[in-house]
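Handing you a structure now.
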């Protein structure tokens, strides 16, 4: 259940251009979080929370990992926090990915940029549950590549960069035909990437993780709407998502 | 000359109730400051500077000391700063006290509450210049008493508290008749105290240090006016003061 | 009467703290954080005649000590609100205030009349910061004649006390308050948001898809206090004050300026427990500044 | 023309950055921090017909991401300003804009006419956020008819281009802009401060001795951007934009919304070097967001 929690920073490190990996200690979050959920991070001096996905879970040591890209005032401030400091957050927030538990199943994970971390969290869990995992990870350039080795340990991994400075040159969608058959796909990344993927993979069983600017982060303010094919005509990304079945929402 | 400077915190300690003593390293400020001047401390997240007087000067080691009372958001924030961090400030700001250099002269320093620190800075300098110094220091209660031992080393010192919980009970003005003859007085503290003192000591050579809410801290915005008997009808506390001859301004 | 209690037309509040309309949904989400019965009252998200889908996204943006929002009155329509949401909130021991909105006077009347059907709603908050589609889109809340007219018509159909929620985007807030007072308002609620805009540099577009949005949060508190002060000097209606409240000191500032109770909006987003925490802190703050009760502090600022 | 240069009526600016009126005095104090010739222009503190002592203190208060001020037009009077202050500023290689104020139309005329006597002032900024003592104290800047009248009368006596500084405390900023446009204004300056109040809890009194004060700083930036956007869509005059500018990104946001140049007020208090630093940063920020020059960025926000 989502709660307001204090998490203690036990490590923080820049692991790629503008990209920080932060390890946070908290019993409630680490024990209850599932892949695809996020933390809604509340910082003094900022009116609104910053949603950041969980990238890794270590239940034993009560640690969760987040990865974030420094893009504006909030992530810049967060990057300045140091080991030992505490951050406030609502979490675990939202709903995670549905999980398979079957060694005959193959899933495809497609991550773009800072959408890669939640794919890792998911892939690691699926691999643990003996699912076959394939991963296509797209980055702008070589400088932004993250978690390649980690993915190699859990999945057959393909890297693409927009400019070809690392891995294949091009977009993640260019590789969709080249990977083996899969039963289900999961994706997280920039909206145009997700749109391209759901377009190409229409009819396939797929789950997408969406982003939107949030107010409350809990489902009360109606800031984070996405048109949907249900009775009310919409879903809330913060509380109904951020994970949706591909055909459930209109993107 | 007033400049925008970065000062490095080399010590910070609570020395009485709600009262922090902070030692700051900076070459320009320590080399040019005189007693009675202040730092206009600029903190991120705060629109306006916080004026804080210099309480002690160590030119040799490039250190100045400030003492401040935690009363609102800005001083609360400042109290949270730790050793090694830097603060921005405009300084040294304002004009200091005129100094005597004559062993036949006796001066009376009257400090109230957080008005005591600049009196110490002044008294130490005067004592060094062989002037006889008498000090009357007033505090609300025993918990707020500061710098008693330091004053004992440079001055014949009398302490009063409003409730008699330490030293004499009463107000600093109660002691004015009891101290020996003096040639000149200096005072800093709450306005009602200064008003009472200048009233009682009318005709005496005296200097007062005044406070007012400040905008710019440099003389440009006209926030910190005090009516005066000059052509324009006013003086600016930040740049013409904070030290004035007692009869020069209308309080 | 306990030290925190306040009585206003239709509202016997155990304490003066309520979540502001639109910042608390219908309470469901925050009921996971604490017992809603602790609140002075709950002000619901705006209700319109029929369901509305609201504006395109992004709908919110952060600003210095504040935020912009252009949710666009998204709501399931007054009937569903009464059926599902009022029903849900009625289980708590806290009065319910319904915020009502519309595009025409007739829609306001229809929504107001609908709330006569339930016994669980204790007051209406009339949100007049809506464009009047029949008058070229001018907001009801920026024209005293239109504001008075919608107030009068709603008063006529409703059995509930009506608190008119004033827009701060006006030259003369006192004229607006007087207009709705003479139209029969039972109280005022102030202030709604100030219209603002933020431009996203990379896209060169307004960050809010609707272009403009309503500015709320601590940034606007001085404007709210000024308007409440001005209105309180000249108009006799009780005021629900709001605009940037974050803590119990802020609440006391609003009470001193003339508010009888307050609503907390944006601050819920930074801390879902903020209303509960303010209620817990308020007795101490009252005492620290010499007041024995909320009632005693109302309008006690010294302006001479 | 260099990438930072802008031309406006009467003003050939090397860059679009000027300190805002009242936040920079007459430049003397800040001339200790940097060479004033680096500035696009200097806007002087308001000048009135005769010397004014201003309001009682406290005159300023900090608010969330902003401040309140009620200095009260303290100034030595227009003649002394011309004799001493314009003379001082004329030594720098930067245009001078005189901000003029008054309690009556006649006082405005008198001050405007006085600035005809010097060759060193390049434009007038007409501060209409002043109460008209002959019309019951209503601010010139909140009534389109009064605003147009004072603009017309000042235009008639002055040989200088006139930028009318609009007050944001109005229902319809476009109506105000149109009124002064048709009265002959050469440009607009917007926005002045929003009226606010803060109550000091220990004393229960308004913190500002004048009770209300003008709210400035980053808190009001979204309101400034919105108003400039609205006016730019409907009125053809060049705009000097202001309200909460702290850095070069903020400047670009104002340019995109429609300002041709900007003024920086409150931010000088937090950093006396802020104008110089913004000028230094601006080329990079323009380039980062794809603009070759200031001129190219003006009004380039996309609103469709």
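A few notes on this one:
A, B, C and D label the chains in the order they appear, each numbered from 1.
As a convention for this text, a contact is a pair of C-beta atoms (placed from the backbone, for glycine too) under 8 Å apart; a residue touches a chain by one contact, two chains touch by 3 or more.
Just so you know, these numbers come straight off a predicted model, no measurement behind them.
Identification of common neighbours of subunit B and subunit D yields an empty set. Least step count on the touch graph, subunit A to subunit B: 3. The distance from the centre of subunit C to the centre of subunit D, each centre being the mean of the chain's C-alpha atoms, comes to 34 Å. Put simply, the C-alpha centre of subunit B and that of subunit C have 47 angstrom between them. The distance from the centre of subunit A to the centre of subunit C, each centre being the mean of the chain's C-alpha atoms, comes to 36 Å. Subunit C has residues 63, 65-66, 217 in contact with two or more other chains. If you draw each protein chain as a dot and join the dots that touch, you get a simple line with two loose ends. Per the contact rule defined earlier, chains pair up in contact as A-C, B-D, C-D.
Partner subunit C is touched in their complex by these residues of subunit A: 1-4, 42, 46-49, 73-74, 88, 90, 212-227, 232-234, 239. The residues of subunit C lying in touch with subunit D in their complex are 63-66, 68, 142, 169-172, 194-199, 201-206, 211-213, 215, 217-223, 225-226, 229, 244, 249, 252-253, 256-257, 289, 300-303.
Subunit C makes touch with subunit A in their complex at residues 22-25, 28-30, 32-33, 45, 51, 53-54, 57-63, 65-67, 69, 71, 74, 76, 217, 266, 268-273.
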